[in-house]
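Next come the structures, one after another.
Look for chain A in each of the two complexes below; its partner is chain B in the first and chain C in the second.
Right, the complex of A and B next:
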């Protein structure tokens, strides 16, 4: 509760969290409140402007834009949240263990992190999505792997900072095995950093995942998705700009909401900013 | 000093080898081979066999990689099966186009980022700083394709000032490209500016709190001189380094922006190659992108070494 209060005490945190809750509520309730079937096409109702029946008009296939916007974030949000979870778990454990153990596992992990910083890794994700398939499990695995390498960097730096502390020395002196030291002494101290890093990661993943959908390599067509909607509506910008603007605003405000909340959470938990990364 | 430079170059080469091997191995691990991928499901056994005899190399992965890398060093990236042209010939004109786009974006973005970042740091927590923070937040969180589509909507459709989507042929030269380069460059510039501005601002704030700044102020130096002569050089150095490190996502952003604007650069070639399953071309583009990245970070490191006297005596 004190953490929530500390988030709300920051203006940007209050805005972010409020916006985030609004988005999450809309996503949860969407199936119950959508005014129309998002997949129903109608040749008679193509390219309609906003009206009482279609608040945001209709798209090039006569589908209701409002219904599609309400439902369009669910697939991306769930896929990227799962991928962020994968990234935090594998990256966090790998970074922690490598930093604690040192030696060749640490060396291998560091080289892997360096190499992946030099690949335009979006290219790697696109390759996998195009050739192995853009099903949710594949995308979760590949996004989780790529971002996990960045989490590993964060976890590694934080662990290196911790292993020199007295309580870790004490645990080692008691003869506790490595797994126990990691699990009981180090992990609890990494929890907050991993939480904030994972939340930040969620926002960046959402950004790139939507770009993948936009390029036709993310969410597959029958499912309504913001990235896909923007890709479709882009071709009819002169006729129905709102069909593009609505998902653009929805997607951007969702990413901003997660990002602001994560940053405020980091401040509320009193994390060292130097340990967190700020970039995509 | 010389040792450091040599070591840094060696690391760059090692990274390049690691990255290209990673891409080579993942392309090799993909289901189906080059011929099955590009000839499609309807290919006859005979066509497949002929194609394989000509294009698919046998042998262990490492040997195949070594052969590929050996040819790549001499500029031979293989032949695109689908496009019936050497890969190097397909990539070369695209590099020029993408370089023009990136250079224009950088020329717009980085001076603005330095000026605004410094201003935001000096007027920390003022309304101006708040507005600039909001601008950075938007620049960092709004996806490239959303921002680019928005620019098309505003400048091409509502205002009608600039052409929206370029309808250039794939082999268009630089002269044809210049009129349509402005909107994509603006899209890219805004996003790079947001990132760079944030870095400059936090580097400036950090430097402004250091003892030597207080010392300079106590000596009675005018504030403008403190900023220009003392704070700025120290703050910009680390900022340059980090900006160069962030080059990887800039390359990813270029891919998306080029697709939105149908701009005939390296990014769109990458997308086309992936969409057509043109594996030789994918590999070639990946290698070139990695080379660009490694080259830029290497140059940034060497530039920092040259600019920062403290690093010159570094013995590592």
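Right, the complex of A and C next:
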């Protein structure tokens, strides 16, 4: 509760959290409140401007833009949230263990992180999506893996600070095995960092996941999706700008909301900004 | 009010309406060439006083009252006057020179800059003056020193450069903020000699702030004692240190371990009040043995008592009371060398581990310690003494199973002791427990005290539920902390309380051997005394053996049955405590004895 109050005390935090809750509520309630079937096409209702019946008009296939915008974030948000969870768990564990263990496992992880910094990993994700398929589990795994490398970097840096502290030495001196030291002594000190890092990654993943959808490698039609909508509507930008602008505004405001909330959360928890910035 | 330094009714308060006082009613006068030593525990306002004397008490603070330095009113002075005053009339030697020197600037650059700012010498004259200053602070080959960068100097050399920088503007008042605290004992002695010499030669007025009474005694003509932001006692050094009138001064002096005193130092109950908290009456009253109703209600004014001025309603007279006959912790255990609890044979340890690059080049970093033989009888207390870097903590870590041996053998309880903790059996793990130097670092900030104490109970004894809770409560009581503390986190405790928790955690295992790594060096003296007392009691109660590492002979003297002195990574002397102290056979031991913390009565009395 005190943390929430500390977030709301910051103007950017209050705006971010408010916007985020609005988005989440809309996503949750969308199936119940959408005015039209988002998939229903109508040759009679193509390229319509905003009206009482279609608040945001219709697109080139005559589908209701408002309904599609309300529903269009669900797939992306859920996939990326799952991927962020995967990233935090595997990256956090790998970074912690590597820093604690040192030696060759640490070297391997570090070189892997360096290597992936050199690879344009969007290309990597596209390749995997193209060859293995773009089902949600595959996308979650591959996004989670790529972002997990970033989390591992953060977790490793934070753990390196912690393993030098005497309370970790004290646990080692009791003869406790690695897993128990990591779980009891290190993780409680890493929890806040991982939480904020995961939230930040969620916002970045949303952006890139939408880019994948835009390129046709993310969400498949007919599921409504912001990235797909932008891709479809870009051909008719001069005729029906609302069909592109609405999903653009929805996507960017959602990303900004997560980002502002995460940053305010970090500040509320008193985290070292430098440590979080190190990732990107 | 005359004198070179004249302070009258100086108050420093928080800069907001009704802000509490950090410093209260400070008054002092110093003539040219006098040295005032200021003692007090951490957080009593010593550093704030120095800052206020420089005209800037610090962020968020305001100073009221009068501070005159050589005829200039400091607190009312415009910025330009202050700028000329600082460095020109008054200069500060900081505690840690390493952080005040710019790493990318040579020593010559530092001095050059300071001289350009504070004097009107020409370029040539500045270079000459810089060399003179370097020579004046006792450094050989000034030309070479001037060309060096700070990291190319030793800690002692850096501190000398800091002194040279302070002297560059030709000040008449030198403020010294614990200038030797970060230094080794031998270096410390040299720096003190230098300061005393320069002070006498240049007729400098010095205000020397330290928590080290030995240093203060050696350097000062006058001593001021600060408590909770007030100058509670002020007078000639001898009078204040030998016939202290304020109960706080007495308590402080009694809590300092002394080499010439066979009794344990005596702890003061309670802890200092938080600064800036408004309070009626005397700040020391809650801890004072002779306080009465008046003390709790009326703030005492400074007034003469004997040779000194004292802010106390009930000043004491006469020499320091003899300490109560509290015997040191010697146990009636006859050492049985045939069955030692712990034995080290020819142990060699390297702090720097051999890296891949070293291995490829076929070389190894030199060992930190080598040829270490030690034996510790059950229930015995052994003091392991050495300067920083002598390898004493490394030895402890190796015994605790946290650092690999390069050569040699260890045995515990009659059986070989594996170097790696994970290779040891359950009994060896349980019976050797370690207490670390800094309790701020050795307690997990995310755990409550209950969690901290419950962990070893679960780990070593498999205790759960109510049985564990009972034991946790017993442990916290055993280290004289209230049970209500169990739900707190380490950050909510004072340094001394944290160290008690760390001791309780080690005791939870019911060990046969406690390894103590400088466990009082991060604490204030009055707290240190209480921890030493606790350790002595626990030893009597549990019969645990102690291996106590310290750089300070006076601290160990009361606890240890035997001493082992380390120098340069080897044992240079060992024997029963009394014998080593009375007849040191090695030069290094003698040097340590001379510079031992605390103070020896009669020794080094200022002329």
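Methods note: the second predicted complex is superposed on the first by the 277 of 280 C-alpha atoms of A that agree within 3 Å, B and C clash if a C-alpha of one lies under 4 Å from a C-alpha of the other, contacts with A are read in each partner's own complex, and residues count from 1 in each chain.
Here, a contact is a pair of C-beta atoms (placed from the backbone, for glycine too) under 8 Å apart; a residue touches a chain by one contact, two chains touch by 3 or more.
Keep in mind that what you see is a predicted model, and the values were worked out from it rather than measured.
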Which of chain B and chain C A:104 touches, first, second, both or neither: neither
Partner chain(s) touched by A:210 [first = chain B, second = chain C, both, neither]: first
Touched partner set for A:185, first chain B, second chain C, both or neither: second
In the superposition, chain B vs chain C on chain A residues touched: B
First (chain B), second (chain C), both or neither touched by A:123: first
First, second, both or neither for A:172, with chain B first and chain C second: second
Chain B and chain C contact sites that coincide on chain A, given as residue numbers: none
Partner chain A, residues of chain B touching it in the complex: 15-16, 18-19, 22-23, 26-27, 30-31, 37, 137-138, 140-146, 149-150, 152-153, 157, 164, 195, 198, 245-246, 248-249, 251-252, 255-256, 259-260, 270-271, 274-275, 277, 282, 285-286, 289-290, 293-294, 297
Chain A to chain B touching residues, read off their complex: 111, 114-115, 117-124, 126-128, 130-132, 203, 207-208, 210-211, 214-216, 227, 230-231, 234, 237-238, 241, 244-245, 248, 251-252, 255-256, 259-260, 278-280
Of chain A, residues touching chain C in the complex: 165-167, 169-177, 184-185, 188-189
Chain A contact footprint on chain C (complex, rising order): 397, 400-402, 421-422, 424, 426, 429, 433-434, 436-438, 441-447, 455-456, 459-460, 502, 505, 509
